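In the two assemblies presented below, chain A is common to both, partnered first by chain B and then by chain C.
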Partner chain A sequence: MKELPQTVFVVDDDDAVRNSLKLLLKSAGLHAEVFGSAPEFMSKYDAAQPGVLVLDVRMPGMSGLELQHELNLRGAAIPVIFITGHGDIPMAVEAMQHGAFDFLQKPFRDQDLLDRVQRALTRDTEYRAKLRHTDRIRERLASLSPREREVLELVTQGKANKMVAGDLGVSQRTVEIHRAHVMQKMEAGSLAELVRMMMAIARQP
Partner chain B sequence: MLRAAMVASDENGNGASMDGGTARVRTIIVAGQSSQRTRKVLHALRGFTNVIWPTSLESALAQTRSNDAGCLVIADDLSEEPIDEFLQEARELRRSLPIFVITDPDDVAEAVSAMRHGATKVIEIPPSYAALCDEVMRAVQ
Partner chain C sequence: MSGPTTDVLALLEATFDAVVIMDDRGRILAFNSAAEEMFGYRAADALGRNVSMLMTGADRLAHDEHLLRYLATGESRVLGRGRDVRVRHRDGSEFPVFLTVARIPRTDPPQFAGYLHDTTLRRKALATLEKERQLNHLYLDLAQVMLVATDRNGTVQLVNQRAGRVLRKQDGEIIGRSWIDTCVAPEDRPAARTAFRNLLMSGSEEPQSCEYHVRAADGEDRFVTWRGVALRDGENVTTGVMLSGEDITDQRRAEMEARGAQERMNSVSRLATMGEMAAGISHELNQPLAAIANYAQACARLLRLPDPDLPEITGALEQIANQALRAGEIIRRIRSLVRNEDVRREPLDINGLIREVQGLLATDARVHDGRLDLDLHEPTPPVTVDKVQIQQVLMNLVHNAFEAQGNIHSGTPGGEPADVRIATRLTDGGDVEVSVNDHGPGLAAELEQKIFEPFFTTKPTGTGLGLAISRSIIKAHASRLDYRANEPRGACFYFVLPAHVETPT
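Let's look at the complex of A and B:
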């Protein structure tokens, strides 16, 4: 499947700010899409599209903080960089507590924003790579039979084949066969790798 | 340089809860150099028992590691180490410990940096001593 391009989404109700940010981002070789309001952005945003959101805090109608809340409710993990001309500490703390990547006060230096955008894009790339990795593990997990799942759970708890056989009421040879199938289906080279896979999906909802 | 102080604990170091109950009171650790701001923070917290102001950052981290720790208040600059590094160390030691950072009013950049490095909340002082006490109260209850 073809990767979608990384995009810097800019949401700001001020035309001049939107246009200057678009020019700045373009001059840095970044693909940018600009929106004049939070609802306009929400109506067009596709969570599968990688990128970063540069978001004004104060906008008429839905504010930037409300848009962040809405994105969180939808489980969208896009990094958000807030920009504001009227920021205060409670506002910045609220944004950061809700997972903002950064919070910048206007006026800021162009390079400061570009640096943060680049860091946010890197984080988004890493996050999506982790997500793809755990998705692949989940797909492999779904291919296991119920008995193989039971064996997987017990061996990743550190139990030896003999103990697993006792727990499941089957022969040790049967456990060995199931275990071999588990290793093959999960594409795990070792028990340690299998444990790491299970930990990776446990960490990620 | 941090100076030692034990504030408002009883002679056994156990203290009583704010509502007069007898439940174990968790320690409120204050970190900050000997400055007017640190003293004001300590003064604001005078109604709490088991407020400690460790002698060094190492000691503050050791207290943070303790199961009795209720919260950490970073009251002021730490002359021996940047706040963000200390904050990160404390956060790594105790993932769930409430850590409050006191900043000057309107220092948004410092507040954002503190949040990024693991602060639970940043409180600007002055004016919000009451907000600090509310947060500390919630943390130790």
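Let's look at the complex of A and C:
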């Protein structure tokens, strides 16, 4: 899979704030794309693009909070850093409750913003890596036959081959063959690794 | 049987009292014209008949018996003694008289004269007097004022019920005691004494007014405004005073509360306006400050790079300057609002004033995803106004208009934009009408006047003061802030400012 470059997306209705942010991010060696409104961002954003969203809370039309809500509905996992002109605590609380990565009050120190952006990018990278990992597990899981799938479920519950054979009404030998196929298809070196894989996809829907 | 002599009869006719003379058997011998009038019999009809026909009840039945007993024993229950009796008119009606009976000297067999004095009139007079007295009491008690009469020494002679109720005392606890020492609140006694003395010494018939507290039996002080007159006897000697007092405690309290509410309103209005402005201003100022900080920090970073992009840095520095000027402009506008706290009114161009408001409300419009349009009549005559106050009114009205529309569009994408229009136009009289119009839901008819009342609000977090204050400001400009429905929908708040007339100096 091809790695897309990380981008800092900035959405702010104030031209001066938006453009100054773009320059600041650029001066720190980051790639930034700026948008004057939430709908403009939504129309151009592709959830596959890794990065971080720097979002003004108060904007005409669609506010920052509404944009966050919209992203959540679409399952977009991009981390969001809110910036606001007000020390608006209730808004901050609401944003954080809905999964905002952080909250900054304007005007801010460049380092404060850059640190947060950096942390958010790291988290996005990790998250996307995890996502890729579980995607791969799911792909392998999909290649199992129904019988192999049953065997996998029973052995990851900790049952010995003999018990699995009893449960499925087949010979122990047959179970051993299925189990070997499962380990091979799932690219698992041990039962423990197989269990970790199942737990990973259980955590990550 | 011989009757009275003619000169006696002549005498009988001269008296106003009825006189009936009878013999020893009770037969009527003489019946004067006053008796004719009293009983309705003519003398000719009465003569010779038994006197008992004029009597009632027990007297009538027992008269002959009494007469016989007297004649036999000399024992009398009536002779020489006057008494009230009831007698009987020819038409059967009964009425009271005062009767005196005497034996006529030197008559044998004896004759008796009865003098009958009609007490009906006297009774009527007494009854009238009594009724008047009761009526007077009724008047006193019906009076909504406290009434107190005292003698020269200030001892209470009379109080009405109202006074008793205010003082929570029985009449007996007031009458016969010193008015001032018993009923006036201790702190006000010197004042009450002075007023009392002045009243006694005044030669004038004009009532005099004063105010002081009375102390009720339960210790509560009531504030009373008094009118007093001096009472004089026939020789014009002052005998005392009559006071009529109105308990204005509740009224005074209501006035104080109203004044308090007004003052509270004024201070809240200042705070509310300042608070709303402060929120808007802080947002407005934060934008250029944030941009300046970003640009400056970006410049510092760019300059640290090995090969700095100087044109880019120059551009950023220009932006810093622009944003600093933008912030300065915002501050200048705030200063022009605050500085003129108590300026006098001056004739000025209302359209210019409105344009400034448009600039001040730019943020408000943006936040509500709306537009603030102007529809100004040019030219307008100057109007004499307090600029800041009128601007505050307009800001308040525009803010309300955006909020009213926000409720229906809620600023979602695709919703109609919230538009507010400030318009000026000339009235037929050449004055300037200023109106703030929106396309929101407008007002239900029952709310049209209510919304101007202090503390009435339709907003969850409203103070209910904006429109009340706005109206009082416009009122102070000899005009009236009013509401009408906007066409085709929405609300329109408007007021008319009189055109400034140049006075020759």
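In this section, the second predicted complex is superposed on the first by the 203 of 205 C-alpha atoms of A that agree within 3 Å, B and C clash if a C-alpha of one lies under 4 Å from a C-alpha of the other, contacts with A are read in each partner's own complex, and residues count from 1 in each chain.
Going forward, a contact is a pair of C-beta atoms (placed from the backbone, for glycine too) under 8 Å apart; a residue touches a chain by one contact, two chains touch by 3 or more.
Note that the coordinates shown come from a computational prediction; the quantities given were computed from them, not determined experimentally.
Once the two complexes are overlaid through chain A, chain B and chain C fit side by side, free of any clash as defined at the top of the document. Of the two partner chains placed by the overlay, only chain C lies in contact with A:S27; chain B stays clear of it. Look at A:V93: by the touch rule set out above, it reaches chain B but stays clear of chain C. Shared-chain residue A:A76: touches no atom of chain B or chain C. When the two structures are aligned on the shared chain, A:F103 is found in touch with chain B, with no touch to chain C. More residues of chain A are touched by C (comparison of chain B with chain C).
Judged by the touch definition given at the top, the superposed model places A:L141 against neither chain B nor chain C. Using the contact criterion defined above for the overlaid structures, shared-chain residue A:V17 touches chain C, although it does not reach chain B. After overlaying the two complexes on the shared chain, residue contacts for A:S63 are found with chain C alone; chain B is out of touch.
Residue contacts after overlaying the shared chain place A:M163 against neither chain B nor chain C. After the two structures are overlaid on chain A, the closest C-alpha atoms of chain B and chain C sit 13 Å apart. In the superposition on chain A, no chain A position is in contact with chain B in one complex as well as with chain C in the other.
Contact residues of chain A toward chain B in the complex are 87-89, 92-93, 96-97, 102-103, 105.
Chain A makes touch with chain C in their complex at residues 13-14, 16-17, 19-21, 23-24, 26-28, 38-39, 58, 60-63, 66, 83, 85-86, 106-110.
The part of chain B that touches chain A in the complex is made up of residues 103, 105-109, 111-112, 115-116, 121-124. Of all the residues in chain C, the ones that touch chain A in their complex are 279, 282-283, 286-295, 297-299, 301-302, 305, 312, 316, 319, 322-323, 326, 366-370, 411-413.
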